[in-house]
Amino acid sequence: MTTPLRQITTVTSAAARAIVDAAVAAAGQPSVVAVVDAAGQLSALTRMDGAPVQAIQIAQDKAYTAAGFGMPTAQWHEVLREDAPLGLGAGPAIDRFVAFGGGLPIVVDGQVVGAIGVSGGHWSDDVKIAEAGLAAL
Amino acid sequence: MTTPLRQITTVTSAAARAIVDAAVAAAGQPSVVAVVDAAGQLSALTRMDGAPVQAIQIAQDKAYTAAGFGMPTAQWHEVLREDAPLGLGAGPAIDRFVAFGGGLPIVVDGQVVGAIGVSGGHWSDDVKIAEAGLAAL
Amino acid sequence: MTTPLRQITTVTSAAARAIVDAAVAAAGQPSVVAVVDAAGQLSALTRMDGAPVQAIQIAQDKAYTAAGFGMPTAQWHEVLREDAPLGLGAGPAIDRFVAFGGGLPIVVDGQVVGAIGVSGGHWSDDVKIAEAGLAAL
Amino acid sequence: MTTPLRQITTVTSAAARAIVDAAVAAAGQPSVVAVVDAAGQLSALTRMDGAPVQAIQIAQDKAYTAAGFGMPTAQWHEVLREDAPLGLGAGPAIDRFVAFGGGLPIVVDGQVVGAIGVSGGHWSDDVKIAEAGLAAL
(Lines give C-alpha, C1' and ligand atoms only; values in the text may rest on other atoms or scores of the structure.)
Protein backbone atom coordinates (compact mmCIF):
# COMPACT_ATOMS: atom_id res chain seq x y z
CA MET A 1 0.00 0.00 0.00
CA THR A 2 1.00 3.66 -0.16
CA THR A 3 2.34 4.98 3.07
CA PRO A 4 -0.05 3.87 5.79
CA LEU A 5 0.69 6.81 8.07
CA ARG A 6 -0.15 10.48 8.27
CA GLN A 7 0.78 13.30 10.60
CA ILE A 8 -1.58 15.14 12.93
CA THR A 9 -0.44 18.45 14.36
CA THR A 10 -1.66 19.04 17.88
CA VAL A 11 -1.17 21.47 20.71
CA THR A 12 1.36 20.38 23.34
CA SER A 13 0.49 19.87 26.97
CA ALA A 14 2.69 22.83 27.93
CA ALA A 15 0.91 25.07 25.46
CA ALA A 16 -2.46 23.84 26.68
CA ARG A 17 -1.52 24.79 30.23
CA ALA A 18 -0.33 28.21 29.10
CA ILE A 19 -3.61 28.80 27.32
CA VAL A 20 -5.59 27.72 30.37
CA ASP A 21 -3.50 29.97 32.61
CA ALA A 22 -4.00 32.98 30.36
CA ALA A 23 -7.74 32.41 30.28
CA VAL A 24 -7.94 32.01 34.05
CA ALA A 25 -5.96 35.23 34.51
CA ALA A 26 -8.44 37.06 32.30
CA ALA A 27 -11.57 35.65 33.91
CA GLY A 28 -13.70 38.14 35.80
CA GLN A 29 -15.74 35.44 37.47
CA PRO A 30 -15.21 31.87 38.67
CA SER A 31 -14.93 29.76 35.53
CA VAL A 32 -13.78 26.41 34.24
CA VAL A 33 -11.28 26.48 31.40
CA ALA A 34 -10.51 23.37 29.38
CA VAL A 35 -8.16 22.78 26.47
CA VAL A 36 -8.40 19.69 24.26
CA ASP A 37 -5.96 18.43 21.65
CA ALA A 38 -6.55 17.95 17.95
CA ALA A 39 -8.44 14.73 18.64
CA GLY A 40 -10.79 16.51 21.04
CA GLN A 41 -9.25 14.82 24.10
CA LEU A 42 -8.62 16.72 27.32
CA SER A 43 -5.17 18.24 27.68
CA ALA A 44 -5.49 20.73 30.55
CA LEU A 45 -8.26 22.01 32.80
CA THR A 46 -8.62 24.43 35.67
CA ARG A 47 -11.72 24.99 37.76
CA MET A 48 -11.48 28.28 39.56
CA ASP A 49 -12.78 28.43 43.14
CA GLY A 50 -16.52 28.86 43.14
CA ALA A 51 -17.16 27.92 39.53
CA PRO A 52 -20.45 26.05 39.10
CA VAL A 53 -20.12 22.26 39.09
CA GLN A 54 -21.90 22.14 35.72
CA ALA A 55 -19.14 24.23 34.21
CA ILE A 56 -16.73 21.29 34.53
CA GLN A 57 -18.78 19.44 31.94
CA ILE A 58 -19.82 22.39 29.80
CA ALA A 59 -16.30 23.73 29.35
CA GLN A 60 -15.05 20.32 28.21
CA ASP A 61 -17.95 19.86 25.83
CA LYS A 62 -17.47 23.33 24.35
CA ALA A 63 -13.85 22.51 23.65
CA TYR A 64 -14.78 19.11 22.23
CA THR A 65 -17.43 20.65 19.96
CA ALA A 66 -15.05 23.35 18.76
CA ALA A 67 -12.23 20.89 18.08
CA GLY A 68 -14.34 18.39 16.17
CA PHE A 69 -16.17 20.85 13.95
CA GLY A 70 -13.32 23.34 13.72
CA MET A 71 -15.38 26.43 14.39
CA PRO A 72 -16.36 28.60 17.35
CA THR A 73 -19.35 27.18 19.20
CA ALA A 74 -20.98 30.63 19.07
CA GLN A 75 -21.36 30.32 15.31
CA TRP A 76 -23.67 27.35 15.61
CA HIS A 77 -26.66 29.50 16.56
CA GLU A 78 -26.81 31.19 13.17
CA VAL A 79 -26.27 27.88 11.40
CA LEU A 80 -29.11 26.26 13.34
CA ARG A 81 -31.41 29.26 12.84
CA GLU A 82 -31.06 29.06 9.08
CA ASP A 83 -31.35 25.29 8.81
CA ALA A 84 -34.61 24.10 10.30
CA PRO A 85 -33.92 20.34 10.36
CA LEU A 86 -30.54 20.85 11.95
CA GLY A 87 -31.94 23.53 14.23
CA LEU A 88 -34.45 21.14 15.67
CA GLY A 89 -32.35 18.03 15.51
CA ALA A 90 -28.71 18.80 16.22
CA GLY A 91 -28.98 19.33 19.97
CA PRO A 92 -30.39 15.99 20.98
CA ALA A 93 -28.62 14.03 18.22
CA ILE A 94 -25.00 15.02 18.64
CA ASP A 95 -23.16 13.83 21.72
CA ARG A 96 -21.66 16.62 23.82
CA PHE A 97 -22.90 19.27 21.37
CA VAL A 98 -22.80 22.88 22.60
CA ALA A 99 -24.33 25.51 20.31
CA PHE A 100 -23.60 28.67 22.27
CA GLY A 101 -20.45 30.63 22.84
CA GLY A 102 -17.39 29.69 24.84
CA GLY A 103 -15.64 27.14 22.65
CA LEU A 104 -12.95 28.22 20.19
CA PRO A 105 -10.81 26.06 17.94
CA ILE A 106 -7.07 26.60 18.16
CA VAL A 107 -6.03 27.13 14.56
CA VAL A 108 -2.40 27.32 13.42
CA ASP A 109 -1.52 27.65 9.74
CA GLY A 110 -5.06 26.75 8.82
CA GLN A 111 -5.10 23.53 10.84
CA VAL A 112 -7.23 22.82 13.90
CA VAL A 113 -4.68 21.74 16.51
CA GLY A 114 -6.99 21.77 19.53
CA ALA A 115 -9.68 23.88 21.17
CA ILE A 116 -10.47 25.83 24.30
CA GLY A 117 -13.76 25.78 26.19
CA VAL A 118 -14.78 28.21 28.92
CA SER A 119 -17.85 28.07 31.16
CA GLY A 120 -18.80 30.06 34.22
CA GLY A 121 -20.50 33.26 33.15
CA HIS A 122 -22.76 34.33 30.35
CA TRP A 123 -21.56 32.73 27.13
CA SER A 124 -20.64 36.12 25.71
CA ASP A 125 -18.25 36.60 28.61
CA ASP A 126 -16.97 33.04 28.28
CA VAL A 127 -16.02 33.85 24.68
CA LYS A 128 -13.88 36.79 25.79
CA ILE A 129 -12.08 34.64 28.32
CA ALA A 130 -11.47 31.98 25.68
CA GLU A 131 -10.04 34.62 23.35
CA ALA A 132 -7.72 35.77 26.11
CA GLY A 133 -6.57 32.19 26.47
CA LEU A 134 -5.75 31.86 22.80
CA ALA A 135 -3.76 35.10 22.92
CA ALA A 136 -1.16 33.18 24.92
CA LEU A 137 -0.14 31.32 21.80
CA MET B 1 -48.58 -23.23 18.64
CA THR B 2 -48.27 -22.24 15.01
CA THR B 3 -44.71 -22.06 13.82
CA PRO B 4 -42.77 -20.07 16.38
CA LEU B 5 -40.21 -18.78 13.90
CA ARG B 6 -39.99 -16.17 11.20
CA GLN B 7 -37.35 -15.11 8.72
CA ILE B 8 -35.58 -11.76 8.74
CA THR B 9 -33.78 -10.71 5.59
CA THR B 10 -30.67 -8.67 6.25
CA VAL B 11 -27.78 -7.20 4.33
CA THR B 12 -24.62 -9.34 4.42
CA SER B 13 -21.33 -8.14 5.81
CA ALA B 14 -19.78 -8.22 2.34
CA ALA B 15 -22.58 -6.06 0.95
CA ALA B 16 -22.26 -3.66 3.88
CA ARG B 17 -18.56 -3.23 3.11
CA ALA B 18 -19.31 -2.66 -0.59
CA ILE B 19 -21.88 -0.02 0.30
CA VAL B 20 -19.45 1.72 2.64
CA ASP B 21 -16.71 1.67 0.02
CA ALA B 22 -19.00 3.12 -2.65
CA ALA B 23 -20.08 5.92 -0.33
CA VAL B 24 -16.50 6.69 0.63
CA ALA B 25 -15.52 6.82 -3.03
CA ALA B 26 -18.29 9.33 -3.69
CA ALA B 27 -17.58 11.55 -0.69
CA GLY B 28 -16.33 15.03 -1.56
CA GLN B 29 -15.29 15.72 2.00
CA PRO B 30 -13.99 13.71 4.94
CA SER B 31 -16.92 11.66 6.21
CA VAL B 32 -17.83 8.69 8.33
CA VAL B 33 -19.92 6.01 6.64
CA ALA B 34 -21.66 3.29 8.64
CA VAL B 35 -23.91 0.43 7.58
CA VAL B 36 -26.13 -1.44 10.02
CA ASP B 37 -28.04 -4.66 9.47
CA ALA B 38 -31.80 -5.21 9.65
CA ALA B 39 -31.64 -5.20 13.46
CA GLY B 40 -29.85 -1.84 13.47
CA GLN B 41 -26.55 -3.39 14.60
CA LEU B 42 -23.26 -2.18 13.15
CA SER B 43 -21.99 -4.16 10.21
CA ALA B 44 -19.28 -1.96 8.61
CA LEU B 45 -17.81 1.49 9.18
CA THR B 46 -15.10 3.70 7.74
CA ARG B 47 -13.93 7.04 9.06
CA MET B 48 -12.14 8.94 6.32
CA ASP B 49 -9.02 10.88 7.28
CA GLY B 50 -9.98 14.21 8.77
CA ALA B 51 -13.65 13.49 9.39
CA PRO B 52 -14.92 15.15 12.59
CA VAL B 53 -14.76 12.93 15.65
CA GLN B 54 -18.46 13.58 16.20
CA ALA B 55 -19.24 11.97 12.86
CA ILE B 56 -18.28 8.53 14.23
CA GLN B 57 -21.31 8.64 16.50
CA ILE B 58 -23.66 10.57 14.22
CA ALA B 59 -23.17 8.27 11.22
CA GLN B 60 -23.96 5.21 13.32
CA ASP B 61 -26.99 6.84 14.87
CA LYS B 62 -28.32 7.96 11.48
CA ALA B 63 -28.08 4.38 10.25
CA TYR B 64 -29.71 3.07 13.42
CA THR B 65 -32.56 5.58 13.13
CA ALA B 66 -33.12 4.79 9.46
CA ALA B 67 -33.07 1.03 10.03
CA GLY B 68 -35.45 1.09 12.95
CA PHE B 69 -38.07 3.41 11.49
CA GLY B 70 -37.57 2.31 7.90
CA MET B 71 -37.45 5.78 6.42
CA PRO B 72 -34.80 8.34 5.47
CA THR B 73 -33.79 10.42 8.46
CA ALA B 74 -34.34 13.56 6.36
CA GLN B 75 -38.08 12.88 6.34
CA TRP B 76 -38.37 13.27 10.07
CA HIS B 77 -38.21 17.05 9.99
CA GLU B 78 -41.55 17.40 8.21
CA VAL B 79 -43.11 14.87 10.56
CA LEU B 80 -41.84 16.77 13.60
CA ARG B 81 -42.89 20.14 12.18
CA GLU B 82 -46.49 19.01 11.78
CA ASP B 83 -46.75 17.31 15.15
CA ALA B 84 -45.93 19.72 17.94
CA PRO B 85 -45.69 17.23 20.82
CA LEU B 86 -43.47 14.94 18.80
CA GLY B 87 -41.53 17.90 17.41
CA LEU B 88 -40.58 19.07 20.86
CA GLY B 89 -40.31 15.68 22.47
CA ALA B 90 -38.84 13.19 20.05
CA GLY B 91 -35.25 14.42 20.14
CA PRO B 92 -34.65 14.08 23.87
CA ALA B 93 -36.93 11.07 24.27
CA ILE B 94 -35.70 8.64 21.65
CA ASP B 95 -32.26 7.11 22.09
CA ARG B 96 -29.89 7.74 19.21
CA PHE B 97 -32.59 9.64 17.26
CA VAL B 98 -31.37 11.73 14.32
CA ALA B 99 -33.96 13.91 12.56
CA PHE B 100 -31.89 15.38 9.76
CA GLY B 101 -30.55 13.89 6.55
CA GLY B 102 -27.82 11.33 6.04
CA GLY B 103 -29.49 8.09 7.06
CA LEU B 104 -31.20 5.92 4.45
CA PRO B 105 -32.83 2.54 4.90
CA ILE B 106 -31.67 -0.21 2.59
CA VAL B 107 -34.88 -1.55 1.10
CA VAL B 108 -35.06 -4.68 -1.05
CA ASP B 109 -38.39 -6.02 -2.30
CA GLY B 110 -40.19 -3.74 0.12
CA GLN B 111 -38.28 -4.97 3.16
CA VAL B 112 -35.86 -2.94 5.26
CA VAL B 113 -32.71 -5.07 5.28
CA GLY B 114 -30.36 -2.52 6.86
CA ALA B 115 -29.43 1.14 6.63
CA ILE B 116 -26.59 3.47 5.80
CA GLY B 117 -25.59 6.56 7.76
CA VAL B 118 -23.22 9.27 6.57
CA SER B 119 -21.86 12.22 8.53
CA GLY B 120 -19.16 14.73 7.72
CA GLY B 121 -20.60 17.58 5.73
CA HIS B 122 -23.91 19.36 5.56
CA TRP B 123 -26.70 16.83 5.88
CA SER B 124 -27.86 17.51 2.33
CA ASP B 125 -24.44 16.41 1.09
CA ASP B 126 -24.42 13.46 3.46
CA VAL B 127 -27.66 12.29 1.80
CA LYS B 128 -26.03 12.29 -1.62
CA ILE B 129 -23.10 10.24 -0.36
CA ALA B 130 -25.49 7.78 1.27
CA GLU B 131 -27.37 7.46 -2.03
CA ALA B 132 -24.10 6.74 -3.80
CA GLY B 133 -23.46 4.01 -1.26
CA LEU B 134 -26.81 2.38 -1.90
CA ALA B 135 -26.14 2.43 -5.64
CA ALA B 136 -23.54 -0.28 -5.01
CA LEU B 137 -26.33 -2.76 -4.38
CA MET C 1 -21.69 -8.61 -6.14
CA THR C 2 -23.06 -11.97 -5.07
CA THR C 3 -26.39 -11.78 -3.39
CA PRO C 4 -26.16 -9.05 -0.81
CA LEU C 5 -28.75 -10.57 1.49
CA ARG C 6 -29.00 -13.40 3.95
CA GLN C 7 -31.76 -14.86 6.11
CA ILE C 8 -31.90 -14.79 9.90
CA THR C 9 -34.33 -17.12 11.63
CA THR C 10 -35.82 -15.65 14.78
CA VAL C 11 -38.48 -16.43 17.32
CA THR C 12 -41.83 -14.70 16.68
CA SER C 13 -43.43 -12.32 19.13
CA ALA C 14 -46.26 -14.78 19.72
CA ALA C 15 -43.81 -17.55 20.53
CA ALA C 16 -41.85 -15.22 22.81
CA ARG C 17 -45.01 -14.48 24.76
CA ALA C 18 -45.87 -18.17 24.99
CA ILE C 19 -42.41 -18.90 26.35
CA VAL C 20 -42.70 -16.10 28.89
CA ASP C 21 -46.15 -17.30 29.95
CA ALA C 22 -44.92 -20.86 30.43
CA ALA C 23 -41.99 -19.69 32.51
CA VAL C 24 -44.19 -17.46 34.66
CA ALA C 25 -46.59 -20.36 35.23
CA ALA C 26 -43.71 -22.50 36.43
CA ALA C 27 -42.14 -19.90 38.70
CA GLY C 28 -42.30 -20.67 42.41
CA GLN C 29 -41.31 -17.15 43.37
CA PRO C 30 -41.76 -13.64 41.98
CA SER C 31 -39.53 -13.45 38.93
CA VAL C 32 -38.88 -11.47 35.79
CA VAL C 33 -38.90 -13.41 32.55
CA ALA C 34 -37.56 -11.92 29.34
CA VAL C 35 -37.29 -13.31 25.83
CA VAL C 36 -35.08 -11.71 23.18
CA ASP C 37 -34.95 -12.42 19.46
CA ALA C 38 -32.03 -13.73 17.43
CA ALA C 39 -30.43 -10.26 17.46
CA GLY C 40 -30.60 -10.13 21.26
CA GLN C 41 -33.37 -7.51 21.23
CA LEU C 42 -36.29 -7.67 23.66
CA SER C 43 -39.37 -9.45 22.39
CA ALA C 44 -41.48 -10.10 25.50
CA LEU C 45 -41.14 -9.53 29.22
CA THR C 46 -43.22 -10.10 32.34
CA ARG C 47 -42.37 -8.94 35.84
CA MET C 48 -44.37 -10.90 38.36
CA ASP C 49 -45.74 -9.01 41.36
CA GLY C 50 -43.09 -8.64 43.99
CA ALA C 51 -40.09 -9.49 41.82
CA PRO C 52 -37.00 -7.46 42.77
CA VAL C 53 -36.51 -4.32 40.71
CA GLN C 54 -33.00 -5.50 39.83
CA ALA C 55 -34.46 -8.57 38.18
CA ILE C 56 -35.86 -6.40 35.37
CA GLN C 57 -32.31 -5.70 34.27
CA ILE C 58 -30.76 -9.03 35.12
CA ALA C 59 -33.33 -11.09 33.24
CA GLN C 60 -32.85 -9.00 30.10
CA ASP C 61 -29.07 -9.20 30.34
CA LYS C 62 -29.17 -12.96 30.88
CA ALA C 63 -31.22 -13.33 27.71
CA TYR C 64 -28.93 -10.96 25.81
CA THR C 65 -25.83 -12.85 26.94
CA ALA C 66 -27.34 -16.21 26.03
CA ALA C 67 -28.50 -15.02 22.60
CA GLY C 68 -25.21 -13.41 21.61
CA PHE C 69 -22.92 -16.23 22.70
CA GLY C 70 -25.38 -19.02 21.95
CA MET C 71 -24.89 -20.90 25.19
CA PRO C 72 -26.53 -21.10 28.63
CA THR C 73 -25.22 -18.39 30.94
CA ALA C 74 -24.63 -21.06 33.61
CA GLN C 75 -21.86 -22.56 31.47
CA TRP C 76 -19.75 -19.44 31.70
CA HIS C 77 -18.60 -20.19 35.22
CA GLU C 78 -16.65 -23.26 34.17
CA VAL C 79 -15.23 -21.43 31.16
CA LEU C 80 -14.06 -18.54 33.34
CA ARG C 81 -12.67 -20.85 36.00
CA GLU C 82 -10.45 -22.61 33.48
CA ASP C 83 -9.29 -19.49 31.66
CA ALA C 84 -7.61 -17.09 34.05
CA PRO C 85 -7.41 -14.03 31.78
CA LEU C 86 -11.03 -14.34 30.79
CA GLY C 87 -12.01 -15.22 34.34
CA LEU C 88 -10.60 -11.97 35.63
CA GLY C 89 -11.44 -9.84 32.66
CA ALA C 90 -14.71 -10.87 31.11
CA GLY C 91 -17.07 -9.45 33.73
CA PRO C 92 -16.00 -5.83 33.60
CA ALA C 93 -15.12 -5.86 29.90
CA ILE C 94 -18.26 -7.23 28.28
CA ASP C 95 -21.37 -5.07 28.32
CA ARG C 96 -24.38 -6.71 29.95
CA PHE C 97 -22.42 -9.90 30.62
CA VAL C 98 -24.01 -12.39 33.04
CA ALA C 99 -21.93 -15.43 33.97
CA PHE C 100 -24.35 -17.30 36.22
CA GLY C 101 -27.45 -19.31 35.46
CA GLY C 102 -30.83 -18.16 34.21
CA GLY C 103 -30.19 -17.40 30.55
CA LEU C 104 -30.78 -20.05 27.90
CA PRO C 105 -30.50 -19.75 24.15
CA ILE C 106 -33.50 -20.84 22.14
CA VAL C 107 -32.06 -23.26 19.61
CA VAL C 108 -34.04 -24.71 16.71
CA ASP C 109 -32.40 -26.96 14.12
CA GLY C 110 -29.00 -25.95 15.43
CA GLN C 111 -29.63 -22.22 15.06
CA VAL C 112 -29.90 -19.71 17.88
CA VAL C 113 -33.24 -18.01 17.24
CA GLY C 114 -33.48 -16.08 20.50
CA ALA C 115 -32.98 -16.54 24.24
CA ILE C 116 -34.81 -16.51 27.55
CA GLY C 117 -33.60 -14.88 30.75
CA VAL C 118 -35.07 -15.41 34.19
CA SER C 119 -34.22 -13.58 37.41
CA GLY C 120 -35.89 -13.58 40.80
CA GLY C 121 -34.59 -16.48 42.85
CA HIS C 122 -31.34 -18.31 43.17
CA TRP C 123 -29.82 -18.77 39.75
CA SER C 124 -30.25 -22.52 39.97
CA ASP C 125 -34.00 -21.98 40.36
CA ASP C 126 -34.00 -19.39 37.60
CA VAL C 127 -32.56 -22.02 35.27
CA LYS C 128 -35.44 -24.40 35.98
CA ILE C 129 -37.97 -21.67 35.26
CA ALA C 130 -36.19 -20.84 32.01
CA GLU C 131 -36.27 -24.49 31.02
CA ALA C 132 -40.01 -24.59 31.71
CA GLY C 133 -40.36 -21.60 29.42
CA LEU C 134 -38.53 -23.29 26.59
CA ALA C 135 -40.73 -26.38 26.96
CA ALA C 136 -43.56 -24.28 25.52
CA LEU C 137 -41.92 -24.39 22.10
CA MET D 1 6.77 29.95 24.64
CA THR D 2 8.68 27.25 22.78
CA THR D 3 6.78 25.82 19.89
CA PRO D 4 3.31 24.99 21.12
CA LEU D 5 2.78 22.17 18.65
CA ARG D 6 3.83 18.58 18.22
CA GLN D 7 3.27 15.92 15.59
CA ILE D 8 1.27 12.75 16.11
CA THR D 9 1.77 9.93 13.63
CA THR D 10 -1.36 7.92 13.02
CA VAL D 11 -2.55 5.16 10.75
CA THR D 12 -4.50 6.37 7.71
CA SER D 13 -8.07 5.39 7.01
CA ALA D 14 -6.96 3.43 3.95
CA ALA D 15 -4.44 1.49 5.98
CA ALA D 16 -7.04 0.83 8.66
CA ARG D 17 -9.36 -0.67 6.06
CA ALA D 18 -6.55 -2.80 4.66
CA ILE D 19 -5.75 -4.10 8.13
CA VAL D 20 -9.40 -4.91 8.79
CA ASP D 21 -9.72 -6.69 5.46
CA ALA D 22 -6.60 -8.79 6.09
CA ALA D 23 -7.86 -9.80 9.51
CA VAL D 24 -11.29 -10.69 8.15
CA ALA D 25 -9.67 -12.79 5.43
CA ALA D 26 -7.70 -14.70 8.07
CA ALA D 27 -10.59 -15.25 10.46
CA GLY D 28 -11.64 -18.85 10.87
CA GLN D 29 -14.85 -17.92 12.62
CA PRO D 30 -17.31 -15.03 12.52
CA SER D 31 -15.56 -12.09 14.14
CA VAL D 32 -15.66 -8.34 14.51
CA VAL D 33 -12.49 -6.49 13.55
CA ALA D 34 -11.94 -2.85 14.50
CA VAL D 35 -9.02 -0.51 13.92
CA VAL D 36 -8.58 2.73 15.85
CA ASP D 37 -6.17 5.58 15.19
CA ALA D 38 -3.42 6.87 17.45
CA ALA D 39 -5.99 8.71 19.57
CA GLY D 40 -7.97 5.51 20.07
CA GLN D 41 -10.83 6.72 17.85
CA LEU D 42 -12.58 4.31 15.49
CA SER D 43 -11.21 4.29 11.95
CA ALA D 44 -12.64 1.11 10.37
CA LEU D 45 -14.78 -1.84 11.45
CA THR D 46 -16.29 -4.95 9.95
CA ARG D 47 -18.67 -7.37 11.60
CA MET D 48 -18.61 -10.68 9.79
CA ASP D 49 -21.91 -12.49 9.29
CA GLY D 50 -22.83 -14.37 12.43
CA ALA D 51 -20.37 -12.72 14.80
CA PRO D 52 -21.84 -12.31 18.31
CA VAL D 53 -23.48 -8.95 18.89
CA GLN D 54 -21.23 -8.49 21.94
CA ALA D 55 -18.18 -8.62 19.69
CA ILE D 56 -19.08 -5.23 18.18
CA GLN D 57 -18.33 -3.60 21.51
CA ILE D 58 -15.52 -5.88 22.63
CA ALA D 59 -13.49 -5.51 19.43
CA GLN D 60 -13.65 -1.72 19.66
CA ASP D 61 -12.73 -1.75 23.33
CA LYS D 62 -9.80 -4.09 22.76
CA ALA D 63 -8.46 -1.71 20.11
CA TYR D 64 -9.05 1.29 22.38
CA THR D 65 -7.25 -0.41 25.28
CA ALA D 66 -4.30 -1.43 23.10
CA ALA D 67 -3.97 2.03 21.55
CA GLY D 68 -4.10 3.90 24.82
CA PHE D 69 -1.70 1.74 26.79
CA GLY D 70 0.47 0.79 23.83
CA MET D 71 0.66 -2.89 24.60
CA PRO D 72 -1.20 -6.05 23.61
CA THR D 73 -4.30 -6.56 25.73
CA ALA D 74 -3.15 -10.14 26.39
CA GLN D 75 -0.24 -8.82 28.46
CA TRP D 76 -2.53 -7.27 31.03
CA HIS D 77 -3.35 -10.54 32.72
CA GLU D 78 0.18 -11.04 34.01
CA VAL D 79 0.32 -7.43 35.16
CA LEU D 80 -2.96 -7.82 37.03
CA ARG D 81 -1.95 -11.16 38.54
CA GLU D 82 1.19 -9.68 40.10
CA ASP D 83 -0.47 -6.53 41.40
CA ALA D 84 -3.37 -7.38 43.68
CA PRO D 85 -4.91 -3.91 43.99
CA LEU D 86 -4.78 -3.39 40.24
CA GLY D 87 -5.88 -6.97 39.62
CA LEU D 88 -9.05 -6.49 41.59
CA GLY D 89 -9.63 -2.89 40.70
CA ALA D 90 -8.62 -2.24 37.13
CA GLY D 91 -11.57 -3.94 35.46
CA PRO D 92 -14.36 -1.97 37.07
CA ALA D 93 -12.36 1.25 37.29
CA ILE D 94 -11.07 1.80 33.79
CA ASP D 95 -13.57 2.63 31.08
CA ARG D 96 -13.56 0.21 28.18
CA PHE D 97 -10.71 -1.80 29.71
CA VAL D 98 -10.13 -5.27 28.24
CA ALA D 99 -7.52 -7.46 29.94
CA PHE D 100 -7.53 -10.51 27.70
CA GLY D 101 -6.15 -11.08 24.22
CA GLY D 102 -7.33 -9.71 20.91
CA GLY D 103 -6.10 -6.12 21.00
CA LEU D 104 -2.73 -5.22 19.49
CA PRO D 105 -1.12 -1.81 19.14
CA ILE D 106 0.05 -0.85 15.68
CA VAL D 107 3.65 0.19 16.22
CA VAL D 108 5.80 1.82 13.54
CA ASP D 109 9.32 3.00 14.29
CA GLY D 110 8.64 2.62 17.98
CA GLN D 111 5.52 4.78 17.92
CA VAL D 112 1.97 3.61 18.59
CA VAL D 113 0.04 4.79 15.54
CA GLY D 114 -3.21 2.95 16.20
CA ALA D 115 -4.48 -0.46 17.26
CA ILE D 116 -6.52 -3.41 16.10
CA GLY D 117 -9.14 -5.27 18.12
CA VAL D 118 -10.65 -8.63 17.23
CA SER D 119 -13.52 -10.43 18.96
CA GLY D 120 -15.48 -13.50 17.98
CA GLY D 121 -13.70 -16.59 19.13
CA HIS D 122 -11.50 -17.53 22.04
CA TRP D 123 -9.14 -14.66 22.77
CA SER D 124 -6.12 -16.76 21.78
CA ASP D 125 -7.64 -17.13 18.30
CA ASP D 126 -8.59 -13.46 18.24
CA VAL D 127 -4.91 -12.64 18.78
CA LYS D 128 -3.90 -14.63 15.71
CA ILE D 129 -6.48 -12.87 13.57
CA ALA D 130 -5.25 -9.52 14.85
CA GLU D 131 -1.69 -10.49 13.97
CA ALA D 132 -2.81 -11.40 10.46
CA GLY D 133 -4.38 -7.97 10.20
CA LEU D 134 -1.17 -6.23 11.19
CA ALA D 135 0.73 -8.24 8.58
CA ALA D 136 -1.05 -6.14 5.95
CA LEU D 137 1.09 -3.17 6.92
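To keep things simple, chains are lettered A, B, C and D as they appear, and every chain counts its residues starting from 1.
In this section, a residue touches a chain if its C-beta (ideal position, glycine included) is under 8 Å from a C-beta of that chain, and two chains touch if they have at least 3 such contacts.
Worth saying up front: this structure is predicted, and the values here are computed from it rather than measured.
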| field | Minimum number of chain-to-chain contact steps, chain A to chain C | value | 2
| task | If you tally contacting C-beta pairs, which comes out ahead, A-D or B-D? Let me know. | result | A-D
| said: Can you work out the whole-Å distance between the CA centroids of chain A and chain D? | reply: 29
| query | Whole-Å distance, chain B centre to chain D centre, using C-alpha means? | reply | 26
| remark: So chain C residues touching two or more other chains come to 6, 39
| request: Assign the assembly's chain-to-chain touch graph to one of these shapes: line, ring, star, complete, other. | output: other
| request: Check the chains against each other and report every pair that touches. | output: A-B, A-D, B-C, B-D, C-D
| request: Over in the complex, which chain B residues touch chain C? Could you list them? | output: 1-12, 14-15, 18, 38-39, 41, 108, 113, 136-137
| message | Under the definition above, what is the set of chain D residues touching chain C in their complex? | response | 49, 52-54, 57-58, 61, 74, 76-77, 80-81, 87, 91-92, 97-101, 122-123
| message | Give the list of chain B residues in touch with chain D in this complex. | response | 12-13, 16-17, 41-49, 53, 56
| task | Under the touch definition given earlier, write down the residues of chain C that touch chain D in their complex. | result | 6, 39-40, 64-65, 67-70, 83-86, 88-97
